[in-house]
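Below: one structure, written as structure tokens.
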């Protein structure tokens, strides 16, 4: 028995299918005017990778600055602009669209047996909005940047800085609409475009979690939009809604902002959880343990996610009664995440586990997400929140969720579906190495920050007391390793586009409908509309299929 | 060791010698919060170990070499219920425990001494009742509950003392409070933790905890001569507050003696406790806080009094124990120099110095 | 408004409800009446009930528009659910934010 | 191909389907016209969901400040012209009615009726904006636009202002008078956002009138008209709430 499930076709005879979504049409215009979800996903993949590396470069600058206690690499205002742009680019231009707009866009229609998303033009529009917003953000950065922090806290952002708040706000506003359209498209598609036999409880869990995330996008993002409009009005003509000098309440801004921005963290993590459900099932050859619980926990997170926003404001002087309620609800929202972790762990039970790259990233996700989730409880509990909030503890916490969780899941997904997307495999050994390097680099970068936060080092500091230096040096060293871990995939994935082995339709022998079509898929995904006649993750059905094929040949 | 570069060597030495992993506990609430913190660390470690143990043991037991054919298991309601209910129970324990500490930190005891703190870009100004001013530092005695009344002059700031495990945002337009009881003399970090603009990272200072004797000495040395309440008294006079707020029969404004802490009935029918926040609001937005039986004729002082001015007015009104003082301010313009103010009763009836306009912004 | 004889138009053999114009006319007139009513009510002293009445009339009018002009009365459960979800989230946003503001007055905080 | 394969007989080969030929407006990725109509209709509803939340933020702000600064809100509200407000409500309800009739015409394939209804809706929309312009220009004249030389005159000294005088307003204390600016901020933000939606709607209407004349919506493809109708009615609903909240605060005083 070999220790891998990878099953590639005979390389001497195998060919990439002549007709696929990439070769269907040629020329730049055929890409820029496409309605094909897979091409739009490809456009998204290229653009978010670009923004990820911009955001990553800014993160590198932050870590370099923090190597020494003094603000010596850059002036404090430059540092403030750097971390602001790092936050804005990473959140609005990488994390929010990362899995949904790339993997989700690429896979969702195939997973439910549809030819395309319900609204292909809206899908394309959402990419153009994203690009317009991205260009605006880069323009902002080039013309002096912005130093409000990604949270745009009033009255700082409205009356006390003279950087490009308006253009940044506009960029975020437009990016918000891009994300609304993606979410809206997903919801419509999942409701209306499922193939015959694809009942709700036969949907892959990736679809469930993207559905939950889409709900958040559709319901949460508009509140951010109106908040930004009010900020812009406040800043330009001073309407006074958030200005205490005119009788406004800056806390109201916090309420409206976090009404979106807390659900936004679930927008960022839920699709990643979907990826993990797919990979962990495939590489343990087993149906996800407690499918229904995992599916419902996604929806539960989405719904509860709307009731907890004020936990970002515990020390801001909101009413203590509200603090109690929001803290209690925060504790409740932690439960579905715990359920998911244990269900994934038990999916391995009695499985037949192999350790290909996506699975390594998945293990990384599970460990880091557990730490990130548990430290979230430290912050949800009001008592410890007082000490830990606004310090590096919270920085470490959300990086464990966002980078350790979401980015690991994103990379797991990219490696998992890469052969489907391009028709070629990447080199396995080096990609496993990259996964391990990423994991080590990540822990070295962010674990010391928990200790820094407990010691009280505030976030967004360009200079800090010298006794914190040792841990900061660790963190910067880890960031360097992490950087290598992220550069490696770019290199070998690009290499694989031309030199990778031909993957065939189903290299992982996975059960999803997307694996039952050719790689790369056809423009309308399937030759004929599939009919779902089995449950999701039905490996026995798959075995059955293979036997059939063998006998029919 | 000559082949190791001096900088790296220096770094390694530093690493070996001073490398704090946990902040000092210097307040009464700190050990309590740390108990919860370590409980949570423990739970997290147990949880993480459990997950890691499950994943590794399953990975070894059921790797493809050992276990070539997967056995399909649908799920287990019992197991799933277990890992729903146990975390939920633990989280609820943390919720209750955390809330108890939260309420402790933000509920100052009645006998605490009050220090006002004004945050502005980018400094902290502390105003002691005895008239001591400090910038970016705070001197407090051990063994006494110290309440901070915080406000910001411009943007959100956050007053954080990690060694005390307390933190509170200073927000514009409203007082917030926090309290602590220092236990260990020493010098501790004071940070602004809410991002507040360019020099956010320079908005730091030190909290000096002293023994009560040292503290008394410090108070004597650094007094500015007039207490906060006396400043307030001058302001009260110079803004002609006493024209209405006096004890005479038929005065147009309510008598302010002993008003602090009392329950007031407002003209709109509501009742309110006259606390710092109420007093501040009544100065700046009087029409919403008119006491029953009075006409809404008081002008607003928004834009005429600085936050420090409001603080001294509030402190003055707080310490008004008799009509005598109002009458006195009504009639006196030049008074005897100030005798020493004790920290406990900073505004003990005493004469005030010549009225200064320093607190009044034009 | 007794006229609920629903016609159906043929869109590729799919049952699609077409509301008869008489219903629209009836709703239109009702809406105008309610508009007059709400203006009139605002001139009547009702104390705390003034805003309640104004909102109630607004809700009734909006419900009529949603049910008939927008045809939710005859649409699928999914559409009804969507409308319900919108109203629900709207109420969550408002009520949970107001919960903070209202309870600030309860204590010393 | 075996029967139990997941990739079973698709639509093209299945004889059960009625449509041998797809109508020209059916997009390639939909199996049937109904699926397309359902999907776009649902998408429109979801979009309206986002609109509810968009205005939700403004309504939240409104409710909070109305509770805080009630006298200022009353005085500010009395500055609005109730005649124009009521007229505008009637205009918008009428436009909603003509729009609903337009949808009916499209559904029953009456091209002339559809064009007429759309033109009427278009005109009523313009009338609404016209009246709004009159109201806004009144506010500009009186310096009641926040941020632009905002004047407290009408509130500190109601006798100087015929409208405030007519409403029997008492002078507000200075601090409360200043908060009328918050009221007008919200007034302009809310009605401005609403007017923006109207402008977008009217632009689309203009486009639709031309398409309707070409007969694009009266051959069974009514989805676009229906969905636009939903949008238009939604804008109407927003106004139905804005009107009492902004114009009718305590008119009896």
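Which chain is which? They are A, B, C and D, in the order written, and residues in each are numbered from 1.
Here, a residue touches a chain if its C-beta (ideal position, glycine included) is under 8 Å from a C-beta of that chain, and two chains touch if they have at least 3 such contacts.
Computed from a prediction, not measured in an experiment: that's the story for all the values here.
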item	value
A-C or A-B - the one linked by more C-beta pairs in contact	A-B
Identifier of the chain whose CA centre is least distant from the whole-structure CA centre	A
Distance from chain D to chain B - Cα centre to Cα centre, in angstrom	46
Inter-centroid spacing, chain C versus chain A (mean Cα positions, whole Å)	37
Sequence positions of chain B contacting 2 or more other chains	106, 285, 302
Per-residue overlap in chain D, given as positions that touch at least 2 other chains	38, 42, 46, 49, 52-53, 56-57, 60, 64, 68-69, 178
For chain C, residues contacting two or more additional chains	78, 85, 89, 93, 97, 101, 109
In the complex, chain B residues that touch chain A	11, 14-15, 18-23, 33, 36-37, 40, 43-44, 47-48, 51-52, 54-55, 58-59, 62-65, 67-76, 79-80, 83-84, 87-88, 91-92, 94-95, 97-103, 105-106, 121, 154-156, 158, 160, 162-163, 165-169, 171-174, 176, 189, 191-202, 204, 285, 302
Chain D partner contacts - residues on chain B that touch it in the complex	284-288, 296-300, 302
Contact footprint of chain A on chain D as seen in their complex	2, 4-13, 27-31, 35, 38-40, 42-43, 46-47, 49-58, 60-61, 64-65, 68-69, 146-148, 178-179, 181-182, 185-186, 188-189, 193
In the complex with chain A, residue positions of chain C that touch it	78, 85, 89, 92-93, 96-97, 99-104, 106-107, 109
Residue numbers on chain A that touch chain B, as the complex places them	1-5, 71, 76-77, 79-80, 147, 149, 151, 153, 155-156, 159-161, 244-245, 247, 249-251, 284-287, 289-293, 314-317, 320, 323-324, 327-328, 331-332, 334-335, 338-339, 341-343, 345-346, 348-355, 363, 366-367, 370-371, 374-375, 377-378, 380-387, 389-391, 451, 454-456, 458-465, 467, 469-471, 473, 539-540
